[in-house]
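In the two complexes below, chain A is the common chain; its partner is chain B in one and chain C in the other.
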Partner chain A sequence: MNIIGCAKCILTHGLLATGWIIFFKLFATYSPINIWAEIDSLWLSPSGENLATNLVGELAFHFEATSGEKRVMYTAPYYPDGLDGTTQTKRLSKTIDTASWQKTETETLTTTYSDKQFKYVVYQDSNGIYMRIFNL
Partner chain B sequence: MNALSSNIFNNAVKTVGRLIFSLGITLLVIGIIKLYLHEGWPNYIALGLGLIALKLFTSKLARKIN
Partner chain C sequence: MTTTKEWPDAVIKQITDSIAYNAPTRTLSTLLPFDSIKFGKDCIELHNSIIKTLYKDEKMKLGDRIVGASTATHTILKNQGLAGDLKIISFLTAEGKNATGNATANKLKESVGDYVKKYYSGSGVSIFGVSALDGYHSMLLTYRLTSDKKSEFMLIDQGPATSLISGKVIFSTSQALDDALSEYVRGRKDKRTGGNYEYPANISLYKIYPKASK
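The block that comes next holds the complex of A and B.
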């Protein structure tokens, strides 16, 4: 294939890829099915209360809200000094101690989990499902 | 008429093949970005590679049949 043919081929596939991204964005906006959450939920093996491991054995937090919305999280913001302090992003596989992991509190829109070192608060609101990590 | 419908069918098959291939490439690129972000990359890479392999396999098969 000559250089012009190759450039044309790259351009075509670039345009097609952009088309797919736009399609996924529109699908996520107008359809009740969250395609990204569905892809994230594939091939997970349960590994404890709302915990699962993925294809390469990395630990994830797998949560399904009362509305049916799914979310798979691999990282979450950590607030070492409480909500007003600075934040760091923590990888859940490096943070969660599965042996001492347990659900400690359930409210309508908030669920709290803990292990021997941290408290993991899962919130559900109009923006979706998200988690914050605090010291115990 | 037969040649025309066969041509339309061949073009449709080619377009579907291109769409599958580009979806595979898109998922693969998303997987590579997610690998950098540590956000559930294996599913995207597996799906991307799977779709690319499916496209390559089916086009090879079609070439053999033709």
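The block that comes next holds the complex of A and C.
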């Protein structure tokens, strides 16, 4: 196969793959269930209050809202100076201390967990289910 | 107390310029096959960001929710004399009874649009923070009279669920605004809080004031 043939092949398969990704993402966005979370959940084993590990031992936060909506998170934004400051992304497996991990508060919009160093606030609002990490 | 303090007309351009890329970016990011990555600001981040733009103070400390806590943006602004009282408008059920939660909320009990007009001085731009379902969703609402003296409400959020790709929706009557807010709440009747309770069925709003000139 010459170079042009190879490039055409890569382009065709690339476009097809992109098309499928967009199709599944749109399907997932407008479906009442979170398809990605459902698929992710298949490989998880519970390991604490809303915590689970996947097949390779990566720690995840696994949250299922009472409406049935699910989220599996491996990373979350960390706000070292509060919400108005800078943001870093933290890998939960490197951040959560499972020994001191506990649910500390449930409010209308938020469920808060903490360990010995951080506060993990899980929001349920118009943006869906998401987590923000703050210093204790 | 809520009073008739308005912003200059130029704030409309300031606001629309500041949100121009947020909703398109947010919409595009929903197409990515990763839930953890979202580009653009979410509803409270956008709400706070517009307020910082209005006051030209990027370091201003605001809340992680719009209403309902001592750390809410409304409380913080009110404590600085930059916001009026919180007006909470509840909902009626389809049978015309008071709705206790979002599961049965059907229609606003009072008009949000009429409340906004009541505190409008007649010139300039009125700006309100608007919360749906006790902070579940945060929006910003502007009101002004156009050059031909017609009402113009502009509701701003992160899109795409409520304001599609532009991040803003314009209404020319109180009724149209009220209908859109009622529709928003009706469309979320299956949502529940972390404790498996219904969200309080309400739209709450507060007026945001310009800083008094020195």
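By definition in this document, the second predicted complex is superposed on the first by the 122 of 136 C-alpha atoms of A that agree within 3 Å, B and C clash if a C-alpha of one lies under 4 Å from a C-alpha of the other, contacts with A are read in each partner's own complex, and residues count from 1 in each chain.
In the analysis below, contacts are C-beta pairs under 8 Å (C-beta built on N, C-alpha and C of every residue); 3 or more make two chains touch, one makes a residue touch a chain.
Note that the structure is a prediction, hence the values are computed from the model and not measured.
Applying the stated contact rule after C-alpha superposition, one finds that A:84 touches chain C and leaves chain B untouched. Of the two partner chains, chain B is the only one that A:55 touches; chain C does not reach it.
Contacts of A:43 after superposition: chain B is touched, whereas chain C is not reached. Touched residues of chain A, counted separately for chain B and chain C, are more numerous for C. Once the two complexes are overlaid on the shared chain, A:122 sits against chain C while remaining clear of chain B.
Look at A:21: by the touch rule set out above, it reaches both chain B and chain C.
Contacts of A:75 after superposition: both chain B and chain C are touched. Where the contact sets of chain A with chain B and with chain C meet, they give residues 21, 72, 74-75. Chain B meets chain A in the complex at residues 18-19, 21-23, 25-26, 29, 37-40, 42-44, 46-47.
Residues of chain A that touch chain C in their complex: 21-22, 24-26, 28-29, 34, 36-37, 65-67, 71-76, 82-84, 106-111, 121-122, 124-128, 130, 132. Every residue of chain A that touches chain B in the complex is listed here, in rising order: 12-13, 16-17, 19-21, 39-40, 42-43, 54-56, 58, 60, 72, 74-75, 91. The part of chain C that touches chain A in the complex is made up of residues 30-36, 38, 42-45, 48, 59-65, 68, 132, 134-138, 157-158, 161-162, 190-197, 199-200.
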